[in-house]
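The letters A, B, C and D name the chains in turn, as written, and every chain counts its residues from 1.
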Amino acid sequence: MTAHVLLIDCPDEKGLVYRITKTLYESDFNVLKNDEYVDNSSNHFFMRTEFAGEGDSNVILKKLQEALPDTANIRLNPQKKKDIVLLVTKEHHCLGDLLIRYAYDELNANILAVISNHNVLQPLVAKFGIPFHYISHLHKTREEHEEMVLKALKIYEPEYLVLAKYMRILNASFVSHYSNRIINIHHSFLPAFIGANPYKQAFNRGVKIIGATAHFVNDDLDEGPIIEQSVIEVNHRQSWKEMAKAGRDVEKIVLSRALKLVFQDRVFIHGNKTIIF
Amino acid sequence: MTAHVLLIDCPDEKGLVYRITKTLYESDFNVLKNDEYVDNSSNHFFMRTEFAGEGDSNVILKKLQEALPDTANIRLNPQKKKDIVLLVTKEHHCLGDLLIRYAYDELNANILAVISNHNVLQPLVAKFGIPFHYISHLHKTREEHEEMVLKALKIYEPEYLVLAKYMRILNASFVSHYSNRIINIHHSFLPAFIGANPYKQAFNRGVKIIGATAHFVNDDLDEGPIIEQSVIEVNHRQSWKEMAKAGRDVEKIVLSRALKLVFQDRVFIHGNKTIIF
Amino acid sequence: MTAHVLLIDCPDEKGLVYRITKTLYESDFNVLKNDEYVDNSSNHFFMRTEFAGEGDSNVILKKLQEALPDTANIRLNPQKKKDIVLLVTKEHHCLGDLLIRYAYDELNANILAVISNHNVLQPLVAKFGIPFHYISHLHKTREEHEEMVLKALKIYEPEYLVLAKYMRILNASFVSHYSNRIINIHHSFLPAFIGANPYKQAFNRGVKIIGATAHFVNDDLDEGPIIEQSVIEVNHRQSWKEMAKAGRDVEKIVLSRALKLVFQDRVFIHGNKTIIF
Amino acid sequence: MTAHVLLIDCPDEKGLVYRITKTLYESDFNVLKNDEYVDNSSNHFFMRTEFAGEGDSNVILKKLQEALPDTANIRLNPQKKKDIVLLVTKEHHCLGDLLIRYAYDELNANILAVISNHNVLQPLVAKFGIPFHYISHLHKTREEHEEMVLKALKIYEPEYLVLAKYMRILNASFVSHYSNRIINIHHSFLPAFIGANPYKQAFNRGVKIIGATAHFVNDDLDEGPIIEQSVIEVNHRQSWKEMAKAGRDVEKIVLSRALKLVFQDRVFIHGNKTIIF
């Protein structure tokens, strides 16, 4: 018996669940887990199903396409292990966490390479035998630099880019190459403290809780669909640098949780929101 | 269009979701929300469905009974507002919270009466115009006291008993009258600190977090299926009385969250666990 | 032996702790608890001391004044129970929570009256025997309305105003009458979602966590010093109204925690921040 | 100006803070931070002070000894970077997290070596250039095995042992060599689920929250003074293996937070509790 993952989204109409489960049942598959959701404001249907059986997955995919509206977006068994490239700058905590997880096969992804605009993290990446591309941004326009990064990415053709504390803003033209496939960790509880140095902003505002946000990247800075958020308490005794230190643990846990959700095919993007099963 | 809530659980077999959604579809109902779960160790199937349509609910119930195995436990539109009685002792925080919610119709339940083995909470209950039964346990055996409580309960025939800090242990014979229908709030993070004065136990153990647990009551003290838990941080500066004070807020929130889940028919009991949709 | 609370803040200089503890020691007082903090950016010293002894508090206050710089702000045994007035609009959850706590003397404050621009909460307040002033804002300018509120407040001369979901913006002239003595509960995790309907804003942004913030009110909307914050997780299944419902529990707990801190004289205001011991 | 850390604990008596701050003041030191606490049940005084100045630390230590009772336990500038050895078994998550932190000098400690009763983690440790001792427990009595571990430890003379998921119980005789200097991470919210496989216990009990506890090790299994605890939510959908996976993140964060507190000399042990400043 083989296990399958099925993701479907389409405009809602009566009988969708029935038609999907009928198709699976008639092909002798057994539903193991099933999650569905209808977004009322847009009248859009989302479903994620895990099922098992001995049938042919190409046959069942074809049958589902016949049973469902043409508008349905059907993904059966999306590539299990995602090919990814990490972009980093100077901070090691998210990168280190992901490298350890990768070394023990916990990521559901292959880290094909790490690209950085600085070379300080090269020794850490080298420990894990992963290619490291140092592409400095110095003396280059943003466009020139991004062109070089894109070129390096072409070697690997990753499914996802993970910005593991990549401290540069990306142009819309860069983002368009990996639409809905770039995941960023922002070091604040978005939408609070958008932009530069959120810990300093948080310190100056005197907040009692700080946080981190993992989100897909779109054209607007820090405005993409949020995948995961978490917070920790802070107090007046902490300088903004101490807040930043304390925040690192939140950042790395939030990023790895978000990646786990995305790489297990649990996340739908719908407008500027995520549906997560 | 009327909205309905359907709860089904039975031994798992192939095609259950298909048969259920087929039955609803053929009667022209539209599924609004759907949650299901199969417990692998016991091979038991659980499903909660919200659906809407113009059909007759008695007809659809009959059709579902025909479509599903005889062993299926099917509940369609369980009584919307639950009739409940609260049992309390001397502490006001859970009681007060529930009375305020009840006064503004947030409980999905009718508080028919409050029963207490002390009379200190009578004035609070009186503010809300709810019958208060003071049944002292003094000079009575446990059996005699429980007999008197049962007699008072007979007036109201509640669907659920809520132990909102009722500081007495219940005999199995009492519990058997309300099997799976008694909800207790225990002032610790179960299974830590079972039994008397958990805050003192927590203080003596030097824990850094304390909590509260809402659970169904069965024969074994503090061993029933857990519905909801939450925690707060404590530190060495707090005496056990200060921990108890801080814990009250957790207790009242955990109890009201648990009641919300149960009274919205989101909770299945399965052995000593809960399945919550 | 009488217990005393001493609050001191002044520009930092060498030997402040020494001079304070020397003064207490020489008057035969014993320090029970001691918290201090120096804000490095402003070089300002804060100290809160609980001490006990048989000496005269007026004598010790005078000695402290002599021992410390003229710039020192010294408060010894600030009025134990604070006189407060609550301002509310239509929502009952914070008000109800405070009334229950007040009925059982948990607030360290006397609720002298409740003032509202609507009359819907009058019955709840009446249950607790507290004066209720219905001062409608209809057909009045903001200034006229605030003038009437100020007039009502004059009857009570409260030390603090608590905005327990008072859904009106206050003019700077109103605020100036109770400078640093107005506490508001804002239904978001400030500085996220400043302004109107934060739950709708949160829903539209697709956040995974929502929160509440208790803060002192100053001239800028939602910009005053933050006292306490807390959060809860939300997900895509919740409408903004369901988020608002879930948020109520956070709001009431955050507000009551903030009031407890302020009314136990644990909070210093320093610029737009709070120092909390 | 040199910064110093001073830790004092002794039976409480009047004037301790005064005498300490007087001694510092007269030697021209400035107090930067000060925390103190008196445990009422045992009448014991604890104080941690950070101060700065140009004076000689040996001189000030001598003066403090003269000013304080003979019973006072005074530690001035405890060794800044702690020498530690890690004991591990097969799980990599805590070890990996500590190695990354160590590589970037975030631990306030030197990892002198890693000792394991299995050899699976050798490659990970090798990446970081740290000695790895594989001391199998097979075909040895517990006493024989511990004797070999003690022998290996003698090479390094560590100040602290960190049990970073070391899945063996230690004899009292072993523990006595490192009294109050062994820190363990237990994969449950102690005192819940003491002993073997706490995630399986948690799963079987149907809890809604799981946690982790970092504590000092004493003779009784999982009974030593607790340093740090944290929790995450779980639900019925998670198998005990999935709970264990989710718990790993909590374990590693709790362990590293506890180590940070201990290695910054913020933790007093008092009976079976910790006082943490």
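Everything below uses one rule, namely that a residue touches a chain if its C-beta (ideal position, glycine included) is under 8 Å from a C-beta of that chain, and two chains touch if they have at least 3 such contacts.
In this text the structure is predicted, and so the values were computed from the model without any measurement.
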Pair with more cross-chain C-beta pairs in contact, given B-C and A-C:
A-C
Starting from the mean Cα coordinates of subunit B and subunit C, work out the distance between those two points in Å.
35
From the mean C-alpha coordinate of subunit A to that of subunit C, what's the distance rounded to whole Å?
41
Which subunit D residues touch at least two other chains?
33, 37, 237
Please categorise the chain-chain contact pattern as a line, ring, star, complete graph or other.
complete
Residue numbers on subunit D that touch subunit A, as the complex places them
33, 92-93, 96-97, 100, 103-104, 106, 124, 127-128, 237, 245, 249, 253, 256-257
Can you list the subunit B residues touching subunit A in their complex?
14-15, 17-18, 21-22, 24-25, 28, 30-38
Under the touch definition given earlier, write down the residues of subunit C that touch subunit A in their complex.
37, 39-40, 189-193, 205-209, 211, 225-231, 235-237, 239, 272-276
